[in-house]
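Labels run A, B and C following the written order; every chain starts at residue 1.
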Amino acid sequence: MTTTVAGTRASHMPLFVAQSWALVMRAVVRFVRQPASWIPGMVFPLLLVAVNSSAMSRVATLPGVVPPGTTFLMFLLPAAIIQGVMFGGISGGAELATDIQTGFFDRLISSPVSRPSILVGRLGGAMAFGAFQAVVFQLILWPFGGDVVGGIAGRLVLVVVAVVLSLGFGALAAGIAARTGQAEAVQGFFPLVFISLFLSSCFFPTELMSGWYQTVAEYNPISVMVDGMRYQVLEGFSWSEAAQSVGVAAIIAVLGLWFAAAGVRKRIAVGG
Amino acid sequence: MSAPILVEDLRRTFDDITAVDGVDLEVHDGEIFGFLGPNGAGKSTIVRMLVTLLKPTSGRARVAGFDVVSQSAQVRSSIGVALQDAAIDPLMTGRELLRLQAVLHGIGRKDGNERSERLLERVGLTEAADRLVGGYSGGMRRRLDLALALMHEPKVLFLDEPTTGLDPMSRLNLWEEVRRLNTEFGATVFLTTQYLEEADELAHRVAIIDHGRIVREGTPVALKDQVGSPTLRLDVPGEQYEVARDLLVQFGEERAARSGRLAVGLDAGATGMRDVVRALDEAGIEVLHMELDAPSLDDVFAEATGRRLEGAGE
Amino acid sequence: MALDLQVRTGGHRVSEGALINALVARSAVNLKRIPVALIPLVVMPIFFTVAFSGTFRGLTQLPGYPTDNIYNWMVPYACVQTASFGALGAAFALGRDLETGFYDRLLLSPSPRWVVPGAGLVWAAIRTGIPIVITLSIGTLEGMTYPGGVMAVVWLAVASIGVAVMGGLWGLGVMYRAKQQSAGGLVQVGLFVAMFLSIGTVPLDLMEGWLPHVAKFNPVTPILTLARAGFVGTGSWADIWPGLLSIATCSVLLGWWAQRGMKTLIP
């Protein structure tokens, strides 16, 4: 097992790391080779941001929405990243379901591969893609006015949140995949997440909402995370705001991992 | 009465592949016409052209007196079709499909319902009629497909590989049903198959098709007579193969056989076997296995094309 | 070769009306049998109405926004959006029929070729009843007004049915050529892009940047204006006729394109 992993100094690493690395690489390569799994995650969020920032750019003129000198596009930048991460995470989960359906999963668990590596491999791929998205989106939107007041530090915060959130979404999707073994069930998760993004400060300031909708949106943990990211973009770098974002993402990640691990354990126990 | 099916120089190409390469045929009223050939020979392509689901590249065809290209709607109202992949909707019940078929052919509701019940009984699906077709077995689907083909009581019936994939019992039942349609109802049946016994059993006349061309045509008896002599098949040890071969061809012409086996047509007929055995014995050839076959349609095919129709059939 | 020979045909003339009825009934029964397919039909209008109105309520504060009741703006959008997505279900059903080979059965009917796809479009039009009822119900409960009276609902229905038919023709054109269910994604993308690059959230004169240049030429834009004619304003003819023209023109063009695609079924 250790010596057949391409491109690694496998024989010098502990087994778990080598196996995880191999599975991460596999996840990444598979992902890259199937454009249908990553193109929506790259194109759709950018399209959404492009359209909404153009359509609703005047929202920036309403009092208190964004600080002077910033644009609605900057307001929407965290939303693009979160959406992209969401797509990527769900694609990754669907991939795991496919592995289960094709029997590759069974092959893995009947091999000497350590159980945690299986999950780490899958999720490592999702995290890599999340980082990639966060970087690329920022680069693409920069020339169009997608500036980040918090500078490099602020930008880094966005990437870190993206990576941690990828872990969380990916894990949740993997948990569903492990329990159902069906890619369709994982895809069905997508609308639910999308709705929860709407019921937050992701696409529009909660100050401009009203009634029960506003209440739900304000208490939505995603709003807390988005607000922290948005602070980096619109106001400047802040440790506390960064911690807020990363913290919420981390909680999602922990819950997701627990959910995924339980699901994988159940599947192995039931017999794949 | 003119021929129910008349085909003149029919051709069909797909990009640079010629699937049907100038086919002429005429099917007589009230006969079961068998179209026999291996996979990829062009059988289904020809059927699809005759039932107006595919346009010919060139040539003419008339079915039930109507041109398949310029009078396709009239053709469709005159024919019943059961295709190779049973064309059914898995989300409907058998009864629903029959009733829809009635509407598709302009049969009124009352009449359509009555016919549906009769047809269900005829193909033995009355009990399963209200189950979703997706749960039917392969045999049941074929039977339903046949019932659908018969809804509007067509005089010309096209059956494209109707028993492929069926178990032997279902196959026999379907043969019985086809014979009944022909004798009791007078339907002209155009049947394509890759099974030589099917053509042999059912068809009044057979056309053998290979690579898009008809290579032989006639009644099964006449075709087999043309091949004439019985085939002697022989297995010998590998090192004696060439010697045995040289010896055998003195008794008749060599015939196609699967690899490693020898086959020769005995000019002298079955009685010539005695001389063959003696000659083999005198030459010290060890006979591992020997059998004598009366000519079959497979032999007809082999004689025409140099290949066996049922490759594994030996 | 005698053309008048007495070959017994079915002898029956196919009634197009009866056939369309039967095919629509089949679609309805199929929907019942895949209940999952009902979910988008019911959930989408609810989601769009509630989420768009709830999230973007603040848009009414923009100077020059055509209405101060966000539901008057968003409900027609949600309705039209969902109606267009109904085409997706029809496209998947067609893809399924093509994959199972059942479509051959339909093609073997002596009926004129337009009847079978026509039935699909009739079904798409009938199905728009669901989003119309749902979106209007939610909107009314939330205080939506009807400045155009009954005609407001009429124009909304016309716009929704128009978009359902257009979406249906788009789906047919794609499916006839692709001949498999997996092409449903392409149908979806087309519908989504058409709906999205238009006046969904704000009117043209409030947009900035690149979008208004695209939305101006998007045939969906006048249709959305038509849908909103009686809700944002009182339904003046100037708001109505461009939408009607767009529906008619697009239907003709897409119909021609779909019909070309159908020819590939019998190559």
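Here, a contact is a pair of C-beta atoms (placed from the backbone, for glycine too) under 8 Å apart; a residue touches a chain by one contact, two chains touch by 3 or more.
All values reported here derive from a predicted model rather than from experimental measurement.
If the chains shown are joined wherever they touch, the resulting network is a simple chain of contacts running from one end to the other without closing. When each chain is reduced to the average of its Cα atoms, A sits farthest from chain B. Put simply, the chain nearest the middle, going by average C-alpha positions, is C. Centre-to-centre separation between chain A and chain C, using Cα means, comes to 33 Å. Between the Cα centres of chain B and chain C there is a gap of 46 Å.
Centroid to centroid, with C-alpha atoms defining each point, chain A and chain B lie 58 Å apart. Residues 1-3, 5-10, 12-15, 18-19, 21-23, 26, 29-30, 33-34, 97, 100-112, 266-267 of chain C are the ones touching chain B in the complex. On the chain A side of its complex with chain C, the touching residues are 36, 47, 50-59, 61-62, 191, 195, 198-199, 203-205, 207-211, 213, 217.
Residues of chain C that touch chain A in their complex: 43, 47, 50-51, 54-59, 61-62, 185, 196-197, 200-202, 206-212. Those residues of chain B that touch chain C in the complex are listed here as 1-2, 4, 6, 51-55, 62, 64-65, 73-74, 76-78, 81, 83, 85-92, 96, 99-101, 103-108, 132, 148, 152-156.
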